[in-house]
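Dumping the structure here so I can ask a few things about it.
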């Protein structure tokens, strides 16, 4: 058996040889003096990061596609220091409700996307229009989804023979739905914390800690870059690995990871990833990797091995290469035009992209032309390895399969409608009876599994893991109950 | 933290030093000229492959156990070039319905096992007799399994109060069952594809793309080597990793991956795999790896560290080391003698290896003697690390546990028989009612989980993940429904 | 793509250079002569191990925190040889019922924790008081748990219309519950084994092989070090990786691995583990790893990067840093004071840490003060990377969320009580009816998922994977059945 050569990174070695490792600012040096004792793990993590080894000025010297910093006007005082504690935590303290005086410095607790935008403005502005950035409102402020959320995670109250759901508590919500969607960070004065260095006054932040993608920050901004670039390495390697996306995009409701893992793409990446160059910018197909992770298809800047041709531009709006939304609510539909989806109104007047029987909220969704444009971008990524004919074949199969899956959902809903009409179920809340749970599972879990499986070739999620077998079982059960309930009434 | 040293592979380094990297043929060089722009990912993937770095002549010089190429008479014109695009895609164009004229060359789209057999004839002939090679017919042409397939993935039709299943559509079948089992590739004339290089005429291949193990190719051959050796690296490393097998052999119906992952074998491999030599031929136990992946036990050529003793011969018939078939349909049974299982007839006349109540289709299944021979081969693999007594102890436990699991299935079936006899369920189709779905789950999902867990030591799949707890729940539910249904009739 | 440099380990290289690789003893050398043919895999595995490359005398020279061997008085005759076959397998043969004469040596088959204690006494004594060490008795000898075990994995008997469970068979028990909990190894004379070297007489050990954490060994000792340090490398790297714990601590009943995998901790480790120094002692936060595996939080010796401060002492009692037991049986409760839990008596007189309605077996459980002390140790680990305020915030959320989850369980139990009182279910065995299975799932599977998710931030296990959605579905189903059963009676 061979093993790996335990020297430090090539990046580090190169930097050391060329003598270019920058000094931290005086302020950051002072932060580190305490924090390398108080929280040594994150200090060390940062020391290995690109932020610690590059100044904004150096980052701006990098040309063309290799450039990692989209901004051209970082704050002048930080131009020639490494990007350290003070540089990020003091950037816009006047906008931050969580800013506080801390051992002589005014800093804020939560570094927000708006702060990161000082050096990375393109990423922040792309992200800001995404569904991720609106992930709280899209769930909490949508009465239909919120009713489902309440049924799912709200404490149940038994009153005599009746069982009802309370509004979800903030802590359960913060651990379940809003762990991914993000919480609203509210500052409520200060509180005293006992530490090894004595009592310290810190802002009292409610619904904290949280790294959800739609987090509302104490400066009013939306999102958390740390959801994918975890603190304090902020690594591009981590963000490019599927484990990152798999924190939220997992079975049973959003089984992207699970499908990918059992696809040929996942098979190759998981088998060969130790040979990849996870850090290269641009990311060169065939040269740096030979099969895609989530990031390759959905957001990274991808080029051919010679960097002659950009196969896909970098984007931090993760819908930019998506045309059809296969996360069916309850059926698939064109992607919404904008990230804020609570404004959608379907023909029944509900704040949903489709009606329960499949009619579209057209004005808020992509047109056929816009869909085609986005699909062309994705096809360009596929085309890096696959012939045009292969790609066309895949998408033709996908279109036909998704149409069938939607049909299965609509048939299930038509049975539910019979139940609601006949009084077998109560439509006033369509989510709070055992039969209705089965119907929710049909579209939220089983049909989504089958659609994700179709998009990314996860055969078992199409067949026996949730997918078609599950859809067939649900439909049989609902059918039996509705027909027998009907007979009982006759 | 240490990191890996980003030089290229030792193999590459060695080849470069010895100056032996072969030239591609003139034809392949021409392919690459366009395709390094058209599909750069696969060109680069191939460039790193053994095929790009070795000629058949060089491969044939390797002696004895280290030899990777089983053939001795590759096509003479390709003897001294690397094994490139043209060498594989032009090999037997006269046999290929998908052959076409492409920028001056006649090539075919789908390289088949029969093509690979030009250099790797032993692998192809072993494979050709396996259940994998017959995976389409074994499912599609078996009326019992096909009825289950139809219930599982066929579109459901609501007609008044009745719910029935249509024949599965080709696209849903191609994404679910036949993504693993393989599709039938049929060429229906040519079609025009718009590419960056203008319109290109290509064969119109139905049910393509697909890499299922039993694929019927346009040259009439069976199988897809790329199912396990993905294009265009055709790597032995990938095929040896469990992620490859895990594309199809996963929970809930065939949970081999899931059991292995939670076994001590999986624990060790997943923890230490970065120290393994994944590319060595032969594969030396202890030296190149210290715990088995799927490939070690089921097909790879394994020797002791000094290559003095062959512990197991290489085989591409993945049943060669298996005696009992634990994928119970519905109970375990001796492995079929041949890969084509539709010819089996159980004592009830069904095309199944066993009757629903456990009687064997004896003439088509291994005899006790043949079973013993195969088990001896597997025991030889186990014996590389485990004492004979340990191995015997494991298999004694396995035999007893599987017998019990089969008994649980038979008891469930006896309750179903009561339901069929009493009219509680309709036996004309034994798969299409909620109660019957539960019975299918009992043997296809829960009992299989428990049996796989027994074979490879996956304790949670034996206990609470599908296994015994699931079997007990199913049995309790079916029992209650049958008894209550009976009482209602009394 | 880069790849790894296939030289041998640095450790090996260093040892070779310094000429310090010790000789094996004469006895071990003789073992190896046969066994490098008989079982080459484990011989080679051992040759790469620290045991093969270090003598006890060398191990005792290592000072302070870097020392790996807790003992100071290993057997004198083994002081200056490597720690080989004979050193471990001959250590206390007089205590071993499995000792036997083997080619001129008296050795025993099973090396037990008591044997390992010759060099590692602290580890053994810590372990010996843990729940792991009592894992058999805690399940088998507790009549409540044993009744559930019997319902889960006991063969079912159909007698007319009645369905009952037999006592679990030893082989099924050994593959399911006791694969993790451990089996009782009983020696029943000798048996003859046919090997390549002729017939060999070996002890006839029942319930073998097994590596469960609570195994009762032939010398009367409890436990199996090999559960986490697998034979014959006994590697600290393997034990530190989450794949090891994941053998037993997995969904659906103990989903620690599954929660960790989808947490930010798991995300970072799985993405960056190839850069970790998995072998360092002490294990330096930030330097050797930047996010925790199970071992970091629960048992490893952790220091700051300069080894100035011990953040957590090494322990092999895996509850030492735990205060609340979230593996709810049926609700959460303070950790038991001692590893043997069958002695607990709740206020209803049951051998359980809590009553079904949540009252504590107080005298056997940690006091509030003891809980606080243990939580402080864990907070010290968290504090290596997280601010005190962050850690407090996490635990405040955890406390509130777990209280809610417990409340969901208690409400489900109150409905079951109605069912037991009204005769809808039979309380004489609370586990053997479909409705009772649903209730068991509520606390054993769904509530445990939600509690583990809360402890370690696994959002989907809190929401849709078993967690809250599953709890809500179970509660709705049980409620419907109980209310309708009641109505039927009225």
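Order as written gives the chain letters A, B and C; numbering starts at 1 within each chain.
The rule is short, and it goes like this: a residue touches a chain if its C-beta (ideal position, glycine included) is under 8 Å from a C-beta of that chain, and two chains touch if they have at least 3 such contacts.
Worth saying up front: this structure is predicted, and the values here are computed from it rather than measured.
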Smallest number of contact steps required from subunit A to reach subunit C: 1
Interface numbering overlap (same over half, different under half) for subunit A and subunit B: different
Gap in Å, rounded to a whole number, between the CA centres of subunit B and subunit A: 33
Set of subunit C residues in contact with two or more other chains: 1-6, 9, 48, 272, 274-275, 277, 287, 290
Residues of subunit B that touch subunit A when the two form their complex: 1-6, 9, 36-45, 47-48, 109, 151-153, 155-156, 158, 161, 163, 165, 169, 171-172, 174-177, 179-180, 191, 193-195, 200, 202, 205, 208-209, 211, 230, 233, 235, 237-238, 241, 243-244, 246-248, 250-253, 272, 274-277, 287-290, 432-434, 437, 444-445
Sites on subunit C touched by subunit A in the complex: 1-10, 48, 261-264, 266-268, 270-272, 274-275, 277, 285-287, 290-291, 304-305, 309, 383-390, 392-394, 396-397, 400-401, 404, 407-408, 411, 414-415, 453-454, 457, 459-460, 462-465, 467-469, 472-473, 475-477, 479-480, 483, 486
